[in-house]
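To keep things simple, chains are lettered A, B, C, D and E as they appear, and every chain counts its residues starting from 1.
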Amino acid sequence: MSVMALSQIRIPLLMGNSLNAWSEALTGFSIWGFPLGLVILAAIPLVFIALYALTYGVYGERKISAFMQDRLGPMEVGKWGILQTLADILKLLQKEDIVPAAADKFLFVVGPGILFVGSFLAFAVLPFSSAFIGANLNVGLFYAIGIVSIEVVGILAAGWGSNNKWSLYGAVRSVAQIVSYEIPAGIALLCGAMMAGTLDMQQITMLQSGHLGFAHFNLFQSPIAWLPFLIYFIASLAEVNRAPFDIPEAESELVAGYFTEYSGMKFAVIFLAEYGSMFMVSAVLSIVFLGGWNSPLPDLGPVSLNAMTSGPVWGVFWIISKGFFFIFVQMWLRWTLPRLRVDQLMYLCWKVLTPFAFIGFVLTAIWEIYVP
Amino acid sequence: MFELPSGAEIQSVIAGIKASVGYFIPEIYLSVLFMVLIIVDLIVKGKKNTLLPVITITGLAGSFFFIYQQHAMTAGEMFFGMYVLDEFALFFKYFFVLSGILAALISMDDEYLNRESSGMGEYYSLVVAMVIGMIMMAAATDLLMIFLSMELVGLTAYVLTGYLKRDPRSSEAALKYLIYGAVSTGLMIYGFSLIYGITGETNIFRISEELRLHSSDPLVMMIATLFILAGFGYKIGAVPFHFWTPDVYEGSPTPITAYLSIASKAAGFAVLMRFFLTALPHGGAAYDNIISNNWVLLLIILSISSMIYGNVVALWQQNVKRMLAYSSIAHAGYLLLGVIMMDELGTQATLFYLLSYLLMNIGAFYVVILISNKTGSENLDDYRGLGKKMPLAGAALTVFLISLVGLPPTVGFIGKLMIFTAMLAKGSIYIWLALIGVLTSVISLYYYMLIPLNMYLRESLEPHKESLNVGLLSRIIMAIFMILTLYFGLFFTPLSDFAKYSSALFGNTVY
Amino acid sequence: MDQTLSSFGNVFAFLALGIVFVAGGYLTARMLRPSRPNPAKNSTYECGEEAVGSAWVKFNIRFYVVALIFIIFDVEVVFLYPWATVFKSLGVFALVEVLVFAGILILGLVYAWVKGDLDWVRPEPKVPQMPVMPDRKAEGGRA
Amino acid sequence: MLSLIVFLPILAGLVILAVPSSQKQIIRIVSLLAAVLQMVLAVMIWRGYDPSLPGITASAAGIPQGSFQFIERLPWITLDLGGFGPLNIEYFLGVDGISITMVILTALISAIGVLSSWTIQKQVKGYFILYNLLATAMMGCFVALDFFLFYVFWELMLLPMYFLIGIWGGPNREYAAIKFFLYTLFGSVFMLLVMIGLYFSVLDPVTHNHTFSLVAMASQSNYIKDAILGPDNVMWRYIAFIVLFIGFAIKVPMFPFHTWLPDAHVEAPTPISVILAGVLLKLGTYGMMRINFPLFPEVFQASMYVIGVFGAINIIYGAFCALAQQDLKKMVAYSSISHMGYVLLGLAAANSEGMVGALYQMFNHGTITAMLFLLVGVIYDRAHTRQIDKFGGLASYMPVYAALVTVAWFASLGLPGLSGFISEALVFVGAFSSVTTRPIAIVSVLGIVFGAAYLLWSLQRMFLGKRKPDAAYDLEAGPDGHEHIHFHDWKGKLDLDARELTMLVPLTVIIIFLGIYPMPVLGMLTTSINKLVEVLSPVVMTALN
Amino acid sequence: MEILTTIGINHYLTISAFLLGFGLFAVMTRKNALVVLMGVELILNAANINFLAFSKFNGGMQGVMFSLFVIVIAAAEAAIALAIIINIFKIFKSVDVSSIDTMKE
């Protein structure tokens, strides 16, 4: 049976073009009752996070930062410092894991786990390709918004559990920031959902495919879509504590905020979670407004660029590219904009983004009704 | 499982909603009033202590016009069985709007409340919100709607209770109200879920049909009924769901105490009557089988324990508000007697009693407010000698208390008379219940009379104080309450006819 | 197999794998890393200072206020999501309804705004002032 | 006419309300005017009353109001009770022989009470408003023929009484007032239930609606057989009778329910004691005669013996207690209990003599006890004490007072030639001639002996002999060489002054006159009493059944 | 995966009953106002599970709708509860329900 299943799985992996062909094949695949396919299905995003975080995340960010600041970045380990990430891994793995005596041990240990699991669970609904999605939920977008909130619990657990003033300040600030920005973010994504008329991530993506490439993307479907797009992008920066909204972990003020006390593997987990979230929000932004795994290239007359660059494997490429692009923008902003003060942060959220999100919501609703 | 309805279905749904909106105008009007109040509060700067109540009172009074128009509409379901418009609901619309007006009126005179630094904007809008919630409670015919409207009332009531933010008693009252409220509502929802499980319906008409057509596990039904009673019983403040009453009534701002003791209780009764008289069929006499769907027996137990407990514990209260709180528990018991009768007469009696209770209890609390404005106390000992210093207030309070005891020639007597008439109309089976009713009202005489006793029979502790005069407007209001209490005690036909007219419950299965 | 359930089964697999990954990471690290705790190392980090008291102290009430406002708005937004998926087929009627809904919601926002619940305490800029020291001589004399 | 007599005091009360409270004299005069006018009206009613018409029940001809006189009957409240038809509450007044006696008594005692209230100095306005309210309620009770109306008046009495005792009473007034209130309310709430039960059991013979009319209720043929208090429902009829009886017995007051009375009397100011003893106690027995017995005649038949026993207990127990009292007012209060026992005994006899005696005793007790309390009030005003042993030898210093006291005391113990004798004699004649009550009557005679004992003893201790060493007054030599007594704080006339005489002399005259020639009263009531006896007799009942 | 599909209504009801029990236990025994409120949330969620289970097994969407509204109301209630508790803490410096008892019995 297992051999049969293996043989069955090979074909769609290479050939399958139908929707979710890969993930459905994986879902049905089990060995001796153990749903190995499911594990593999889940492992793929996990591996992706790990790889991307270590390469693009650690090495890439350092290098990009360096370029922007006109310096070299890591150069010591290997050619151009290319093995720097490996060194980092080894360091984190064997570094002593200190648990402060005053900490709440349980929360201290559990916090990073929650943080990571929350971030990772969101990947379940990200369609990496027309053929691959972790879990094809009909409420995918909603689920993605909801599940990310679990991170708040992890942050609070980590900050509180550390029993360190910096950590607690950082955690509370971070929570306040995340929950506040969830309002404009939620409303902005709602606009996208209204344009699509569904919450299914695959459906949302599919509705944006077409021969004209980027012209089918939600962002270009209505002039109003730019408003929620920008709002969500700004809010998502705050949600993942990226600059200029990085006061929760502001090194110079709070000494890394809620993970001040963390070291070794626990730090690595937090770190993975952060980078996972970064990709997650970028991917959601891409899916809702920029067509997800759809190729942005239009068919130019006889040159059917779009058809050529479409397909399950191309889809993987496109969505990761789009995600990485936004991560790049995030890194870019980090070195461009100064950090906001707490009151500015709240001002921006409640008095700028939220009202504008509402305006965008109302306009989108009217647009969608009256301009078909 | 989650299929979207077809286009035609959607159109019919929309048409249904549009048709229902026409029957929903008073509620919409009040919601608009609620928002107008908030906006006025936000826009207008400076002293708003008269502007807001005036808007509230005139606005609420304006809703009478829309409610009156509903008389011409035929009784029926709206919003797909969520909501109903019948005489019973109309009665409570009048009732709650009136009580909202009165609450706003007496709030104007409460000096404690007006001293609240954060302003009164939310206060009046919350009062209006509570009116809306209670109106919807009285008309809700779906478990979901019942739950939502009860929560609307509850949530606003929590805030109103704790409105005096700096007063520890007020905050404590709010906390207790909230905790008991949340727990009992939680239990009620659990009961609802069981009912839903048994019948597969949340509409009370269809629940009743299902229960009649199919047999249900009596034990589960009993548990469900008990849980639901926890929610309703909490709202009406009946034993054993009364624990919040004394503290909340004592701690709240007095107008809110009055408002809760009357309107919130009445809303509880409205929903209790609608639910029990419509949804749950009742088989036979009250004594059949304890583990069956015998909610009447439950109500009887509730009623008896409320009457006895409320009246007995009130005996040794020193705080007037607290005493009135315990007495309100007792009154819940009397009101339940009318519900237990399960017939038109019983319903009529309950409604009449509610009307009379509105009049006399608001009056009593109003005088308590005026007195505490002057003396700064609600303590029984501080009422000494007030009869001489505040003659009209003393006389009015005495009349209200006499009415609360149920002595002629006051409206409270007629209320009791109607209740007992309804009971004896059933023949001899409920006589013992009526006996408990009258005996406990004798007990109630003792503690009610403690107030006039202190006011008239005892000398003031500070004999040199001059007479404490209240404003002319307050005196007029007080006198109106007093005269109405007496007038309706002698000529109660209009009230009673109104109650009779209103006892028509749409789709009830019991009578 | 029920479609919905199976989808959430996948989510469950993600959850399980996530936990296993974290736990596995911890275990691996524990096997590899040294463990040599000492009191100084285990003390709470406060930039080198001795930690004073516990960090579990009271917090600025504004954080709670933000939480309260968030709860209300977030929950209301939840209602809009199901609506968003169907409103096109419902037409103008649904639009009007949701505008009423959003209007009330916006009124709530305005309310919180006007009441000042959205204001954060602004840090007062500390303008450095030249110290006026008339007694400099006296001090100097004492020194 | 009856409306006027009922509502005249309350009109006076409204007038008083408008008078500023500093004008005490005007307030008193308004009240007095109302009371005098009420008395005039009572006399007019008495003159216009036809003693040949019996009243009590509807007459055989089926006239709904029967042979009552001065009928005023208006629909008051009509309630739609759905399946039970309309609830008709009527404004229904009328008098028969029983009530007219009481109407006259009430008018008389009310007027005397106003005179006696002249000494009230504290919060005069409030006092007279309440007093007038009380007067209306009492009068209303005696003329109401609709049970509901009766009940309203009945309960209306409680509150003014409570305040009159509570505010203007003695040192222990709070306790006495609330005790009075609770006791009487306890009795009357049952009445409420019985009233409702009766409503559902009785049909008006003319309109065939349920009715509260006492006249309709008094005819057993109007009852619905299987209704809650219908003839078939024997158990509930017994229970209803008993609770009604208890309600009235508390007012009488009958033995186990009597404890409120001494407290109330001792604490109440003199005029209120007068009203309480003179009128209020009669309401209990009046209620029995008007409502309790005729509505449940077969139960009455069964319980005659018990009622008689309670009457005897009242007589003897009251006398015993009176014997033990040091406080003069308390003694008089217990003597009231004893004397009301005669009324109960007469009622228990259930024959014409007994019943006539009972009703006549009610009237006489009203006048005599009123006088007793007034006399106690006179001495209390002067001495500020009522302890019997604080006095002695008063007769030689206050001869007029002593004379009136003697008359009253002797009337109370039933000396021939005074009105008390005739009624007590009639009661005993009735009780002896009834087989049921004969043994009780024999025992009850003891009561007369004890009565004579406490009255004569107190008379002797207070008025005869010499001043006691710790008396409440001093002896001092007057300008004419005679010795006078001097009360410490008393500035007024030593012996009775004009106002006191105005109150006391008419009562004395009435007592003596009715002792010699009782017919003006007896003639008025005998027809009704005969009818009542007929209604209550087993023969009639079996005929009906 | 087979076990997931064979779960019957009783499984749900049992869990919900347990939740109800825990909630009631927390409400009755705990003194911290916040913990009491958490107990209330447990009760509400017990009801939610019931609603969803019944909705699944009876068919019909009312249960789902109901639980959605319960969640929403629970959030609103939590918001108000927090506000009140914060105020209580400001005044009493404690959120211990048993110590907040200024009004005599």
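Just so it is clear, a contact is a pair of C-beta atoms (placed from the backbone, for glycine too) under 8 Å apart; a residue touches a chain by one contact, two chains touch by 3 or more.
Everything numeric in this text was worked out from a predicted model, so none of it was measured.
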Next item on the list: Quick one: how many steps at least from chain C to chain D, stepping chain to touching chain?
Entry: 2
Check: Among all chains, which one's averaged Cα position is nearest the averaged Cα position of every protein chain shown?
Finding: B
Margin query: Farthest chain from chain C, going by the mean of C-alpha atoms per chain?
Written below: D
Checklist line | Longest centre-to-centre distance from chain A, chain (CA-based) | finding: D
Next item on the list: Any chance you could check whether B-E or C-E wins on number of contacting C-beta pairs?
Entry: B-E
Checklist line | Rounded Å distance, chain C centre to chain E centre (Cα mean) | finding: 24
Check: Centre to centre, by mean C-alpha position, how many angstrom separate chain A and chain C?
Finding: 18
Note to self: Rounded to a whole Å, what is the gap between the Cα centroids of chain D and chain E?
What the structure shows: 65
Check: How big is the gap, in whole Å, between where the Cα atoms of chain B centre and where those of chain D centre?
Finding: 44
Next item on the list: Could you check chain B for residues that touch two or more other chains and list them?
Entry: none
Note to self: Which positions in chain E are in touch with at least two other chains?
What the structure shows: 1, 76, 83
Notebook entry, point to check: Which residue numbers or ranges of chain D touch two or more of the other chains?
Noted result: none
Margin query: Applying that definition of touch, give me each pair of chains that meets it.
Written below: A-C, B-C, B-D, B-E, C-E
Notebook entry, point to check: Tell me, which parts of chain B touch chain C in their complex?
Noted result: 1, 4, 7, 10, 14, 17-18, 35, 38-39, 42
Next item on the list: In the complex, go through chain E and note every residue touching chain B.
Entry: 13, 16, 20, 23, 27, 33, 36-37, 39-40, 43-44, 46-48, 50-51, 53-54, 58-60, 62-63, 65-66, 69-70, 73, 76-77, 80-81, 83-85, 87-88, 91-92, 97, 100-103, 105
Margin query: Give the list of chain C residues in touch with chain A in this complex.
Written below: 4, 6-11, 13-19, 21-23, 25-26, 28-30, 32-37, 39, 41-47, 51, 54-56, 59, 63, 66-67, 69-70, 73-74, 77, 80-81, 84-88, 91-92, 95, 98-99, 102, 105-106, 109, 112-113, 118-123
Notebook entry, point to check: Where on chain C does chain E make contact in their complex?
Noted result: 1-2, 5-6, 9, 61, 64, 67-68, 71-72, 74-76, 78-79
Note to self: Quick check: in the complex, which residue numbers of chain B touch chain E?
What the structure shows: 143-144, 147-148, 151, 154-155, 158-159, 162, 165-166, 168-169, 171-176, 178-179, 182-183, 186-187, 189-190, 192-194, 196-197, 200-202, 246-247, 250-251, 319, 322
